[in-house]
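Note that chain A is present in both complexes that follow, paired respectively with chain B and with chain C.
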Partner chain A sequence: MIDHLPVLLVVLPIVGAAVPLVASLYTDRAGWTIALVTMLGHAALAGLLAREVRTGGVLSYAVGGFTIPYGIELVVDGLSLVVVLLISAITLGVLAYARHAGPHENTFYSQLLLLVTGLTGMTVTGDVFNLYVFLEITGLAAYGLVASGREASAAVAALKYLIVGTVGASLYLLGVGYALAATGTLNMADMSEKLAAVGYDSTLVLTAFGLMVGGLTVKVALFPLHTWQPDAYANSPDSVSAFISALVSTVSAYALARLLFSVFTVEFLTAVPAARWALIAVASVSIVAGSALAVSQSSVQRMLAYSSVSQFGLVIAGFTVATPIAVVGATVHLVGHAVMKGGLFAASGIIERETGATTLGGYAGMGSRTPLAAGAFAILALGMVGVPPAIGFVGKWYILVGAIETEMWPVVAVLLASTLLTLAYFARLGERLYFAEPTIREEGAVADGGEAVTDDLRPPPGRDPSNASVSTGMLVVVVVAAVLAVALTAAVPALEQLLTETLPPLLQ
Partner chain B sequence: MTVDVLQLDLLTSRYNYYAVVLLLGIGLYTLIESPDLVKKVIGMNIFQTGIFLFFITLAYRTGASPPVVTDGGGPYVSPLPHVLILTAIVVGVSLTAVALALIVRIYSEYGTLDEDTLEELYYD
Partner chain C sequence: MSADEAPGLYVESTIIMTTVRVVAPFVLTFALFIMFHGADSPGGGFQGGVITGSVVMMLAFAFGIDSTRQWLDVRIVAALASGGVLVFAGIGLGAIALGGQFLQYNVYKPYYYEASKYGIELVELGIGGIVASVAIGLFFLLAAGFGYVTGEGER
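What follows is the complex of A and B.
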């Protein structure tokens, strides 16, 4: 059984996803328990996998026993291990949150487990077409989850997400076609050797790179292609926004990194500076534009969504710099961002349930009314800005050091500017939370005057106003996220060691 | 002169690729330009069909037989892209199904499928 760990990680949630549907014949409330049991199993498998990788190094698994370059290969190295553990942990957190916050339907938990299947599959696969299939499974489950909001606007947001996401995935598939034409193989390791043999300046290889990377940047939501993302995050139920914002773009960014290091390799980036600079340009524009858009939002959840556009720019810039230290930094920031952004969305959900505040104006003075959630929100926001000792600082610092080492001065400038921009929108929010007069009155009172008030009293889209209570589980999730945002810093040396042990072949 | 002949040859013999480019173009244009949500989904399907045709064209070899091993042997058409596209078609069908389900819900809530009208209602 221990030999089959990588494939079990994918099989378990997909089987688990079918169970709630069958259970619907008897009860409509069994979904949560089934999802919890499945995810505990997933976490246990991920733990075993961690032990295997730490003792035995990179793990390779031939699906169905087919000889490797022909059959599908699953590969687990340090980088994918970190992402698998992240998926397990975040999903358990989301389940703790959704226990009370809902949605409670069985179908919701089926989709949640399908999403976990897709994400885990994308993480462990070593085959470019298999990656496409899991990308689409992830997409399909995510579209369904976004649409699970009760308001009609959720369906519009989901359809927008579906159309843009499908174009992205299709471009990736077209890129796979070009790569297949150039090399005749789909296995990542095999393809990277054959791409080198074909020659990095070949038109086929360059087109394949452009299409595959371009398709994935849609899924990561980098700047010009991010348009689906704010609507999807802001219109879905709390649990879904926390889940999707923490994992979907994160795993897509991981897939992009995998493509850069395992398929095209760093030699390609060195041999074709135009490709590297194009990607760095997209990432840099994304950092600046995402922050600028975030500053101009009045809705807190939309602000958080645009902040993701900017932070993923940072992660992709780190991966493209591609020195060992920058890659460690980008991975740290990938994990840190997932924990912090998920926590921020969960905290914003709690603040909304307790006070009804959803906008910047509404957050005024709420610090004393929901001390725990607002405190966690403030810590997570500071972590995102990169205040030491939060994990956000370590990630940015490593990427910065990598960029300075390789003398990529434009990246250095954008990185430093981005910290200021992030501070611009989060500091404003913190100031409102703690140092401004409330614009929303206590429970049930009709609020007096002020534009923000009329905004805040309207039931926000995608939320069920009748279900406005907060459970201990939800608060615990948010507090744990805030604690992790600081405590994970202590795990960085271990992560660095794990990555330097398994990454060198990728970074030679 | 040889270059000219070669290009003429390309123009007359690679019509599959023109079909691919045409389908991709028509699909993407419909998807972006049409205000009708159903037509957008049709555009998405045409776009994907272009990609399917691209893969199938890749597999083709002049004079090759279908990839069923027989006594005769000889060059076979590559079966790999066929299998990939079989999977991609299934994915495409599921995407269309989800998209249409969402469209049904949008229509029952807003009573319109026109993107511009929807935009006004959506941000209202």
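What follows is the complex of A and C.
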């Protein structure tokens, strides 16, 4: 049983995703319970896996019992373990939020569990083609979830996401083809040895690197390739934006790191400085452009979305610097960003429900009207800027130290500038929330409530009369995210130890 | 129903109906043929599933989308989709229960001598069911147009 943990983590949500389909023949409200049971199982398995990796080190699993370089291998080391735990925790949080916030359809929970399958699969796989398969599962489930919003704009956003995302995945697949042509293998560990034997400066290897990394940067949404992301985040239902903003790009960034360290290895980055600098350049441009775009937004959710473009630039820069401390920093920021961004989207959803505010102007003076959600929002925003006790500070600090150690001064400059830029848009929000006169009148909210009651006779499809209300579960999720944003700092030493124990083979 | 709303969308044609009636069994057989040959020759669940789905689309074009929707029980489609997943997972997890790895077909050998071959066949059939039901579900949903909410059944 214990040996089979990696594969069970992937199979469980697939089976869970199939059950709501049958259940919907009898009731349309069974999805949440099924998803909850599945995810509790997932969390238990992830917990067992954590114990196993901490005591036994890296875990490897041969699917189908085929000899390893030929069959599909699943590998769990410190880095993937952290991401698996993150997936489990965030999904449970999103379920608590979606219990009241909806969508309530069974199909929504089917797709959610399929997305969890894809994300977990991407995290535990040790095979570059298998990674592509799970990348596609993740992508398809995410497109469907974005489209589950009832507005037409959600459909447009999903279509855009579909087209751009498919191009990204296809680029990655093309890169896998080149890598296969160069090495004749798909297993990550095997491929990394054979790539070294082929020679890092061979055109095939360089092309494979460019295509695979390029494809994944589309999924991560780094600057010039981010166009799908703000629409997808801002137009989907709140539960979905919290979920995909916290996990989808995060796991893609993890896959990019896995590719850098387990397939191409740090020696490749050292041997081909052009590749390293190209990736650093993309990441740096992403940091600056993402922040600049975020500052210019008036819609809060779009601002949060562009903020992700910038923060993922930071994470990728950390991974590309590739010193142990920078990698720890990037991982910390990866996890921290997921918790904080998910929390911010959830909080913005609550603020919208309670006050109707969705824009920077609308947020004015809302701090007193939704004290809990606004307070959590402010804490999470400060954490994202990198104010010391929060996890956002630790991640940025470690990446910065790594960049200084390797004397990559342009990166250092960009990192420092990015903090200022992040402050620029989040400080503005904080100022509006607490120190500005309200622009939305209390009566407006009441009138909205009244309208909702009269609409009760014929509620629009998929939109509950409860749409304007906020449950305790939703508030708890946001508050827990805010607490975690600070409390996770205490877990950094343990994470650092875990990574240094399992990553040294990757970092020389 | 949609035939009334959008006249000209469905035209009853003896030629098409007769042709489809003759061709459909062969296409379905071909789909199964493709699925069963996934293990040792080109083909498999994905291709076979799509062909199975195309049989239903063909019927819909010949006999009208709405009458086909009524004829085809939604329970069958849902059972195909989730049954396929459960067959796949069941075979995989059964191997674990017998002490092998996930999807390690040869642990079934003591119980059936050609377990490896037919294990793969069963998985292919499962995949075929999933693909077919999704193709059918998507077709009916697209045909229904925007704003049609089933409230139940496949997405």
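Please note the rule applied: the second predicted complex is superposed on the first by the 484 of 508 C-alpha atoms of A that agree within 3 Å, B and C clash if a C-alpha of one lies under 4 Å from a C-alpha of the other, contacts with A are read in each partner's own complex, and residues count from 1 in each chain.
Basically, a contact is a pair of C-beta atoms (placed from the backbone, for glycine too) under 8 Å apart; a residue touches a chain by one contact, two chains touch by 3 or more.
None of these values were measured; they are calculated from a predicted model.
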Task: Touching partner for A:Y143 - first (chain B), second (chain C), both, neither - done: first
Open item on the list: After the superposition on A, what does A:H4 contact: first (chain B), second (chain C), both or neither?
Closed with: second
TODO: Considering only the touch criterion stated at the top, classify A:P493 as touching first (chain B), second (chain C), both, or neither.
DONE: neither
- [ ] Using the touch definition from the top, say if A:G56 reaches chain B (first), chain C (second), both or neither.
- [x] neither
Open item on the list: For A:A158 in the superposed arrangement: first (chain B), second (chain C), both or neither?
Closed with: first
Open item on the list: With both complexes superposed on chain A, which partner does A:G177 reach: first (chain B), second (chain C), both or neither?
Closed with: first
Task: Set intersection of chain A contacts, chain C complex versus chain B complex - done: 144
- [ ] Can you check the complex and tell me which residues of chain B touch chain A?
- [x] 24, 28, 31, 37, 40-41, 44, 47-48, 51, 54-55, 58, 80-81, 84, 87-88, 91, 94-95, 98-99, 102-103, 105-106, 109-110, 118, 122
Task: Sites on chain A touched by chain B in the complex - done: 129, 132-133, 136, 139-140, 143-144, 147, 152-153, 155-156, 158-159, 162-163, 166-167, 170, 173-174, 177, 180-181, 186
Task: Residues of chain C touching chain A in the complex - done: 74-75, 78-79, 81-82, 85-86, 88-89, 92-93, 96, 100-107, 147, 149, 151-155
Open item on the list: Which residues of chain A touch chain C once you look at their complex with the stated criterion?
Closed with: 4, 7, 11, 14-15, 17-19, 21-22, 24-25, 28, 61-65, 106-107, 110-111, 144, 461-462
